[in-house]
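In what follows, chain A forms one complex with chain B and a second complex with chain C.
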Partner chain A sequence: MSEAVARPAAAFQGLRTWWTMLAISLEERLVYRGDFALGTLMRFLPIVTQVFLWTAVFSATSRGEIAGYTRNDVIAYFLLTMLTRAFSSMPGLATGIARSVRDGSVKKFLIQPVDYVSFLLAARVAHKLVYYAVAALPFALVFFLCRGFFPPLPDVPTIAAFLLSLVLSFLLGFFMEATLGMLGFWFMEVSSIVFGYMLVQYLLSGHMFPIDLLRTVPVGIGGMTLADVVHWLPFEYTAYFSAAIWLGKVRGTDLVASLAIEAGWVVAMAIACRVAWWRGTRRYSAFGG
Partner chain B sequence: MGRYLAIFLTFARACLVRDMTFRANFILECVTSLGWMSMNLAFYLLVFQYTAEIGRGSGWSKAPFFAFVATGLIINSIVQAFFMPSAEELTEMVRTGGLDAVLVQPLDAQFLLSLHRVDFSSLANGAVGVGLLAWALSRMDHTPPVIAWLLYPLLLACGVAILYGLVIMLAAATILMGRNQSLYDFWFYLTNFSRYPADIYSGPWGGPLRMVCTFVIPILLVVNVPARVIAQPLSGESWGAVAAAVLAAGGSIVVSRWVFQRALARYRSASS
Partner chain C sequence: MVFPYTRPMHNSVSGSATAVKDPVICVERLAKHYRVYDKPEGLAASVRSLFHRTSRVVEAVKGVDLEVGRGEFVALLGPNGAGKTTLLKLLSGIVTPSRGTARVLGHVPWERADDFRRRFALVMGQRNQLWWDLPAAESFRLHQEIYRIEPSRFEKIRDELVDLLGVRRLMLQPVRELSLGERMKLELVAALLHEPEVLFLDEPTIGLDVVAQHTIHEFLRDVQQRRRMTVILTTHYMKDVAALCERVVVITRGDVLYDGSLAEIVDRFTTHKIVTLDFDEAPDRSLIERFGFPCEFHGPQVVLRIDRSRIADVLPEVLASAGVRDVSVEDVPLEQIVAELFRADAREAAASMEAAS
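This part shows the complex of A and B:
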């Protein structure tokens, strides 16, 4: 009987801890809200150059389409990747974890009844909630002004798949960066590894261009293209995939299979993150007060 | 002037000694910087798989466009090596009061704050830029005339001067605001406009944008003018652009100096 009462109480306590972590992080993020809002607006500036660049590219070619994308598709694609990146990008997460290992501040999580990975996840959810609150208006304005570039609204299942892919991209981005940060238990400095990751991520996520453009790049194995290889890697699910869903570039069984690959990567990276944390803390030693 | 040159060379030597002390880190920084640049070059190569030029009739076909990219690499590597490292430190100096120690030195504050740190690893991109320029020029339909070769270094210097003025004005904003992380992001986003030929900014939105980025914040003159002189046949329009770049460079130096002095006059120490 007492055990049955204790279980909901423990669950409630866990929920309260989560809520407290979320509330603290929300307050932290709102301290420099002016700086934050300005930063959000600035992020749209590179899109402007991309719009003009691709307009110039399409004006110079006689094709109406490049890799299945019209000029309007490409512009809509870049706007949509901005939205996807708002979910999947985790600025400062990996370097922050590595720093906390290096300067020893991580040790408080070893003695407090707070799980470090859960704390980081709550802090990141708070970060994103503040970001969406601040960014909703500029995003809505830009998307409204650029509505002419978008195809008609997709059907409800496509929108549902799009939303699911966004949530999965958030989790994938979080666990990939957190796992990278955990490497701080083995290496004193991870900034170069993080930079290398960012490089690959920027190129293969579709942030720079639609991955479909890589269909003309052979890899020399059984007629496979670079786009086929990238499809099995986690990177394209942090930018390209959601945008491609909305634009109708991935449909039917391909869409279901791709969502399954994305979910598989989320699970794999979550396990990798946990394993890195367990093994890292077992070899970790801190000195001083 | 000679005294300032000697002091700058001392700064540069000290930075080089520090870089060479951590040689592996220096090499890693060069490699990562080159990696980022290679990725951008790969993107441009991919774009040219689908089009012969950037903008119909613009003249920015593959070889001239890569000469443009090379010019941007050279200019940006100079700015990144000599001015940005010092400017990046300024935010922290203002916030912590470290700026006080600079202001009491018997030297010009702008000189000290903008040139005390040199990042030699950033010059790696510039070196690749020179190689890329040579490759692009060897594949162009026309050979640049002697006057273009004479003007090119002068216009590179003008491009650097315009960007230096922008860095100094952002530094002045740091002094006034105390914290301006977004303004340094603004630097990245603003210079992003100079990464492509000005010809791409056309139409009802592009035209006004091009005017603003040429005459208000002359960011489009930085790479476009030297690149056009070396990679495209000279025309009457080219001479106007050269004059505009020289004027913009002089104006940037003078205006940024004035803004920086005004900002310093309003500085209130943060230290106790």
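This part shows the complex of A and C:
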């Protein structure tokens, strides 16, 4: 009886602790609001080069569309991936975790009754909230100015799926990078691993080009294309997927299945992150802290 | 053997001789060794070490037995690299041991149960648990949540602690703007908010000025006594020890060399007293030297080291020397006693290594 009462109470306590961590992380982020504002503006620069690049590509070819994308589609696509990446990218997360292992500040989380992964998640949510607060206006302005490139608004279920995919892409990005950072328990320096990850991520997430371009690349196994392989990997869900939903490239059962794959990756990476933390701290403790 | 009586003492720690009342920390044959890789000098050697690394095992803690009762204030002394910090890491659960057992508040520390972690605190001299860019008050609030401290109780304790240390005003200032001493005080407040039953302090006064040290001593003594908190402190400052601890555990090379009261350490390891004589003018050296004790002459001042066993006999005679204006008799400073203890142990280690080779 008392246990049944205690459990929701404990869950509530956990939530409150998490909320306080979030609030304090928010305050901390606000200390650096100037840096944030600048960083936000910088994000818009690459998109300008993308627009020029693809305009040039389209004017060089006589075809009206490439891999199912018109010129307008491509520009809309890159604007949308920019939005997705605002959810899924985790600047400094992996290297931050590795640093805390190297300089010993991770000890705090061994001594205090607080979970490091939850703490990191709270801090990252705070980080993102501040970022959105700063970035909302410039984002809105850019999307307004570029409204001509977009197809008409999709229907409500599609928008709902789009929003869900954004939330999942945040979690996926978080757990992938956090797991990478936990490798810091085994390697002194993870920046080259992170660099390798970024590279793969850049190519396979759809950040550089729509994944549909890979549909023409066979892999030689039962008529599968590279796009089919990438579809089963986590990367495209951090950029390509949400944009593709909005542009109507993924629909119906295909959409549901893809969301399921994404959710599956989130769960898998959350488990991987947890296991890496357990094993990592065990190693750290054995090695001498 | 320089201190023949220390070994039997060590061996009998787990016996009844040192049994403490209401033990909160019980450590038996606790050992921690780890492998370190030798990194030879030079580029060629660095390249070779890519393929073949030589390693050796370092025994940071070799088999420590220790029992600490509730409300004890214990100083853990030892030269750098003696294993003090490793022992504290073992007791606070950061490190898992290679051998042996430990129980702190009935828990195995390295299992890191939340129930255990809510009941102790560890303060490491230069590491901060406070958020660098925020006022300490925010970190305190986070601790309130992490440690589940009731709001009214939290405020009462926080106010009490910051007032004792005189840092109420500072807790609203970003931590990065504070001085080392101010930060340390706020670190202590953060560590004590949840009223830990056991507190581990790793060099809490390192790098602090005399006034700050003194404030921290007063504070620790006060809080420790009122809460009947069990405290283990490592330090290199004998002032800390003299001000706070009744019990002293000396560890060298991962082993307990001495475990007993502070008074006893002074008693056992001081063989002589320091007698300072002030004359009207520089005295005749032969007059002093005839007593046969080591002496130093500083103009009209003479410092003698006189055997404790003979001081009562010799002192009247010394004082009878013509022209003595003032006299003081002091114990050898604690620093010197401890330094001598460490040195003697190092000599012994060197001797045994030579004998072995």
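In this text, the second predicted complex is superposed on the first by the 273 of 289 C-alpha atoms of A that agree within 3 Å, B and C clash if a C-alpha of one lies under 4 Å from a C-alpha of the other, contacts with A are read in each partner's own complex, and residues count from 1 in each chain.
The working rule: a residue touches a chain if its C-beta (ideal position, glycine included) is under 8 Å from a C-beta of that chain, and two chains touch if they have at least 3 such contacts.
A quick note: this is a predicted structure, and the numbers were derived from the prediction, not measured.
**Q** By the touch definition at the top of the document, which applies to A:248: first (chain B), second (chain C), both, or neither?
**A** neither
**Q** Of chain B and chain C, which one touches more of chain A's residues?
**A** B
**Q** For A:209, decide between first (touching chain B), second (touching chain C), both and neither.
**A** first
**Q** Using the superposition on chain A described above, determine whether A:154 touches chain B (first), chain C (second), both, or neither.
**A** neither
**Q** First (chain B), second (chain C), both or neither: which does A:138 touch?
**A** It touches nothing on chain B or chain C.
**Q** After superposition on the shared chain, which partner residues are touched by A:111: those of chain B (first), chain C (second), both, or neither?
**A** second
**Q** Kindly list the residues of chain A that each of chain B and chain C touches, one partner per complex.
**A** 32
**Q** Where on chain A is chain C touching in the complex?
**A** 13, 16-17, 20-21, 24, 27-28, 31-32, 104-105, 107-108, 110-114, 282, 285-289
**Q** Help me check something: in the complex, which residues belonging to chain B touch chain A?
**A** Contact set of chain B toward chain A: 28, 32, 35-36, 39, 42-43, 46-47, 49-56, 58, 179-182, 185-186, 189-190, 192-193, 195-196, 199-203, 206, 209.
**Q** Which residues, counting only chain A, touch chain B once they are in their complex?
**A** 32, 35, 38-39, 42-43, 45-46, 48-49, 52-53, 55-57, 59-61, 63, 66-67, 192, 195-196, 199, 202-203, 208-209, 213-214, 216-217
**Q** Would you pull the chain C residues touching chain A in the complex into a rising list?
**A** Going through chain C, the ones touching chain A are 32, 34, 60, 86, 89, 92-96, 110, 112, 114, 117-118, 121-122, 124, 127, 129, 131, 133-134, 138-139, 141-142, 144-148, 174.
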